[in-house]
Every structure is written in C-alpha cells, then in structure tokens.
Amino acid sequence: MAAGMIEYKDASPEVRAVYDDIMRTRQVDWINNFWKALTNDPASLMRTWESIKQIMAPGALDPLLKEMIYVAVSVTNQCGYCIASHTAAARKKGMTDAMFHELMAVVGMANETNRLAAGYQVPIDEQFK
Amino acid sequence: MAAGMIEYKDASPEVRAVYDDIMRTRQVDWINNFWKALTNDPASLMRTWESIKQIMAPGALDPLLKEMIYVAVSVTNQCGYCIASHTAAARKKGMTDAMFHELMAVVGMANETNRLAAGYQVPIDEQFK
Amino acid sequence: MAAGMIEYKDASPEVRAVYDDIMRTRQVDWINNFWKALTNDPASLMRTWESIKQIMAPGALDPLLKEMIYVAVSVTNQCGYCIASHTAAARKKGMTDAMFHELMAVVGMANETNRLAAGYQVPIDEQFK
Amino acid sequence: MAAGMIEYKDASPEVRAVYDDIMRTRQVDWINNFWKALTNDPASLMRTWESIKQIMAPGALDPLLKEMIYVAVSVTNQCGYCIASHTAAARKKGMTDAMFHELMAVVGMANETNRLAAGYQVPIDEQFK
Amino acid sequence: MAAGMIEYKDASPEVRAVYDDIMRTRQVDWINNFWKALTNDPASLMRTWESIKQIMAPGALDPLLKEMIYVAVSVTNQCGYCIASHTAAARKKGMTDAMFHELMAVVGMANETNRLAAGYQVPIDEQFK
Amino acid sequence: MAAGMIEYKDASPEVRAVYDDIMRTRQVDWINNFWKALTNDPASLMRTWESIKQIMAPGALDPLLKEMIYVAVSVTNQCGYCIASHTAAARKKGMTDAMFHELMAVVGMANETNRLAAGYQVPIDEQFK
C-alpha cells in the first residue's frame, strides 16, 4: 500500500514548519506528494529537506543546472515520480524546450557509451588516472 | 578478453580521419582507449563519434554543463572507465573542485530520493502531469 | 501485451500443486499475479518457486529480515510490482511503520554513498581486501 | 575480503560431483572462479548450477543466443566479472567478431532509447497493451 | 508534463519523410508514441532513427535476435514503455511463447548471478583476461 | 584522477573532530578511504557523516541488519568499494558466514524476480494497493 499523504492541516507544528520552509524556499504555494509521504517519518522528512535545501542552493553551480542534473539521474534510474517532478522544477527554473532536448540527448548518449566502454572492457588510460 | 586497441599507425585511412577529427574537435593530441577499442568495429566508431560530436557541441547548453551531465550518468551507472574519462574531460573544460563537489552532492542526493520516492510508492501529483 | 494470468481453476494439476504449496507455505488463501503470470511457463514457475521457498525459509536470517532485504533490492531497482508485493509481505510478517521507515532511510543512504564512492573514485582500503 | 576459492582437491564429494557436471556439460577441463567462490555455500552452488544448467540448455533458443543475452544483461549492469566470463563463453560457442560488434551496438542503443522513453515520459500505445 | 505527441498530419515534410521511412522499414501502417514524442526534437528524431535503422538491420545477427536483446536490456532496466514496445516487435518478428519464456529465464538468471559475482567479490580468472 | 585522500595529520580541526567521531562511534582506530576522499568537500563530509550516524544508529532495526541492507543495495548497484567496506563492517558487527550466504541468496533471487515481474508486465494486485 502506498504511504498515506500527510496534509498541512493534519500535520504537527514541526512538520508545518518544514512545509512552510519548503514553500518559502521554492516559492510555491503547495506541497508535492513526495514530502507528504515522507512525513510519515518526520525525522526523515527533516533530514532529507535540510540536505536538499543545502545541496540545491546556489553555489558553484546554479540551481537550474543542479535541477537538470537531478533529471539526468532520475531518467537514468527510471524513477517515474522523480522524472515528472524534477522536469517540472527545471522548467520552472527556466529550462527551455531546447535545453530539455539537449539534456535528453546527452543522457541517452551517456547511457549508451557507458555500456560500450563496459562491453569492450576498455582499460582506463594512464592519462586519466 | 578485452578488445584490442587500434593505434593510429595501424589504422585505416578512414579511421585515421575519425581520429584526426576527434583530436581536432577536442583539441587534444592523443586518442583515448575508448575510441581505440571501438575501432574494432569501424561502423560503430563512426556512428558513435558523429552522434557524440553532434550532441556535445555548444548549443542551448554549454559543453561544460553537458560534460558534467555525462559524469552524473556515469556515476549513477557505476561505469569506472566513463567516470575517469569524463571527469577528466570536465576538468579540462573548466570544472573546478567546488563545481565537482556540488555535482557529486546532487548526484548522490538524487540517487537517494529516487529510492525514497519509489519505496514510499509516491503517486505523481496532478500538477506534474 | 502483458502475460495472461492463469487462474487456479484453469490450471493443470501440477500447477495447482504449486499454487497449493505457495498458499500453504505463505499461509494465504489467494495467489498473487506474479505467479499467475509465470505459470505461462510452468517450468519457470516450478523452478522459481522451489528456489524462493528454499531461500526465504527460516535459517541464519529470519524470514522478516529476508523480506526486508527483498524490499531493499526492489526499491533500488525501481520495480513497482516487487515493491508493492514485498512491502505487503514484510508487513504481514511483522514489519512495523518504524521498521519500514528505517529500512527506507538505509536504502536511500546506501544508494547515495554508492555514488559518492564511485564518483570520488575511492580505492579499496588494504584492510578491506 | 573476497570469498575464498574452493579448489577441486579441497572440495567435498558432493561439490566435486557438481564441478564434474559443470566441466562435462560445458566441455571444459577447469572450473572458473565464480563456482569456486559460490562453493562457500554448497546449497547455493547446487541450486544455482541446476538452474543455470536447465536454463542455458538448448531449447527454443540456441545456446549461443542465450549466452549473448547473458552478455547483454551483464554489460547493462556493469558486472565486470560477468562480462569477461560470458563474453569468453559466447566466443567459445561461436560468437564471431562481427556478431559481438552487433551485440554491443544493440545493447548500447537499447540503453540509450530506454532513457529517451523514460525522459520524454512516453505513454504506452494502446496497440502494445 | 509528458511530451506532446506530434501526429503525422501536424508534422513538417522532413519529419513526415522519417515517419514514412519508419513505416516502410518496419512494414507497419502507424507510428508509435516513442517517435511522436521524440519529434519534439527533430534532430534527435533523425539521429536516433538513422542509428536504430542501421543497428537493427539484418547483419551477422538476425533482426529477431536483435529485438530479443533489446527486450533483455529493457527488462533489466525496468523500462515499462520499452518492454511493451520491443516485446510486441519481437513477437511480430516471430518470437514464440516458448522463445519468450526462455528469454525471460535467461534475463532473470543473468541478473541473479551478476549480483552473486559482485557480492562474492569474485576475481576475474586469468583465462578470461 | 581519483580524489586525494586527506589524512588525519593534514586535516583541519573541524575535520579531525569528524574523524574522531567516526572512530569513536564505530569503535575503530583508523579512517577508511571513503571519508578521506569526501573530506575534499568538508561540507559534504559533515552532512554525510551526520546522516549516516543518525540512520545507522540502533533503532527499530538493529545495526547489523542495517549493515546487511547496505550490502544488499551495494551488491545490486555493483559498487565495488561499497561491497568491500560494508561487507567488512557487517562481519565486524557479527555477520557469520551462514548469514552472508543467505543474504547473497536473497539479493540474487530478488534481482532475478524483479526482472521476471517487469518482463511479464505483471499488474499490481488490488490486494497490494
């Protein structure tokens, strides 16, 4: 059975504080199902949100680029929920159609050559060590 | 047995033309083992190089970003050769230590939450459809 | 097209014997779709059931722990059917909400650090060899 | 620590019987490390060998084709040991260089389009249901 | 949001030419969703179709065998769309029920022993190097 | 190039504090390469250690069970470093040979049936929803 979704109105004060922080940080006015499910384990909700908030913040890489990397991983792993949610997030952060198409092309190609390198049992070049 | 590596001096004229194009396009003066192995199947060498050349060229996404996406996929797939070669390529294109660290953090986090979303059987929100 | 489901009433005597054994061993009164689909290849049904019956029996590890390991693998592989069926089986064997949450946290964390170890190209310590 | 390898001379009579069967079935005069490692758990050795022997026997698909499918899966999973051993086995069963190259090309392409289908969130056509 | 599907009647002349080539090459009278989605990026549609057409053509391996390898990879990767479409394609090319069952058995077994080899940390035999 | 390993003597006071906490918590007198590599990004070292420390602590699941789940995930992902380090950690926490063998058997079986469920396109039973 899928985990129950914990809505804002049913949440404890400390969970509401996390929900508020998610909405404020992401500038959205609703909470998506991932967080509502994770709230079944409040410790996990808090730890995961704190980590994501820290990791996805602007830094040496800009937030859009980070979101596209998230999509690349999710597509490689065939995670349906993650593909849908992070593609939407990337679009919200400015990913155009052209950027999305190039992202998909690179992800597809990398998955292909990853297998060619493995199948041909290619030894690592000294220059890369 | 690992595939034999086809060196430039042993290559046919048409393979040499590909090797030359790889070195010119990437501004390097040597050919890494991936291509030397793939040359055992010249049709595959040519098709793969043409696709990579087209996909990795500057476009809506810049080449460094594309290279980092390549690393993200390779790390997710645990492809040792690809991690080594594309991390080196990304550094050559300007990836700093700070950028690499943030890339790793996002890739790690995405792999984690991909499984949380699957394990909690989170349904896709209407807003993402 | 999804494989047809072979119901008990339509099954051959030898398949019915396997179905009976599954229900008796698992103390359930119905057969889930995985087995009904696999029955399209009776040899595979029998071999798979015999292997699972042997592997999942009480031994050095107790059945609940084995079921949770099954969930961990299924979540890592993003197998929707397997996550649903083995999570239900684990709950039936006594997995509480708290145990499920810790299981998910470990699975998520392991998937994250698996990529950090690969991405940082960490060499295996002599002490672990 | 890697599992110890159990050599023929150190094996119990029942393990020797399995080793003999492996060599006879595969028409080889030595045992590869996979089996020597698995022998640490004799029940697993026997169950695994019986399953492989049954599955890899000639049937609706010929043994060479089955061995190439084994390679395709191993390459997709990045299993170094399995790629080396099953590529060698396929060559022994008659896989030519040309066949190997086409196998790799299909495996690479399938890994690429698997991600394009996921990333573009392509719905399954009615005709395929 | 899933990519929009570009129908034949709405396609540009050059995309129609690809659609026509797909239908002619595969001897079908309709276009499946994968291509309709990929058409959002015409360059990717053309590159991908040219590669697949070249790779899946009769050669050292026959088209049915190639299609079954495609299924093996798609099943290993848990790509729902790809499993549905390539299983249908393999059946159209002559895959019988018996062949499908053996294919599944090999794919399942390979995925199992890939993990046993990794978990037991089996070193590659000298004979396979 | 693999990340440099940051040794205790070369570490900053705050990194030393983490190293000390790792050794104290795990009751070991050395730091393994994973942490020495991650230290190249101190923020990541601290975040990752805090999460692991929290997640792997005794709770509803005991630490040995958690370590075995870590091994199950690492084996499924073919992460060589993680398999070596977490198998060693599990043995240190009391995993016997018999337990290890059963763990491997379950992981192998789960990886097999994950693919059978996908390949037969088995629909989720109402009872599991």
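Here the chain labels run A, B, C, D, E and F in written order, and each chain numbers its own residues starting at 1.
One rule holds in what follows: contacts are C-beta pairs under 8 Å (C-beta built on N, C-alpha and C of every residue); 3 or more make two chains touch, one makes a residue touch a chain.
Every value quoted in this text rests on a predicted model; they were computed, and no experiment measured them.
Chain pairs C-E and A-D differ in how many C-beta pairs are in contact, and the one with more is A-D. Of all chains, D has its CA centroid at the greatest distance from the CA centroid of subunit A. Between the Cα centres of subunit A and subunit C there is a gap of 27 Å. Centroids built from CA atoms put subunit E at 21 Å from subunit B.
Counting only residues that touch two or more partner chains, subunit A has 1-2, 40, 43-44, 48, 51, 76-80, 84, 87-88, 101, 103-105, 107-109, 111-114, 116, 118, 120-121, 128-129. Only residues 1-2, 43, 47, 51, 54, 128-129 of subunit B touch subunit E when the two sit together in their complex. Only residues 71, 75-76, 78, 80, 83-84, 87, 103-104, 107-109, 111-116, 118-121 of subunit D touch subunit A when the two sit together in their complex. The part of subunit D that touches subunit F in the complex is made up of residues 1, 40-41, 43-44, 48, 77-79. Listing the residues of subunit C that touch subunit A in their complex gives 78, 84, 87-88, 97, 101, 104-105, 108. Subunit A contributes residues 1-3, 30, 32-34, 37-38, 40, 44, 48, 51-52, 55-56, 59-61, 65-66, 68-70, 72-74, 76-77, 79-82, 84-88, 96, 98-99, 101-103, 105-107, 109-114, 116-118, 120-125, 127-129 to its touches with subunit B in the complex.
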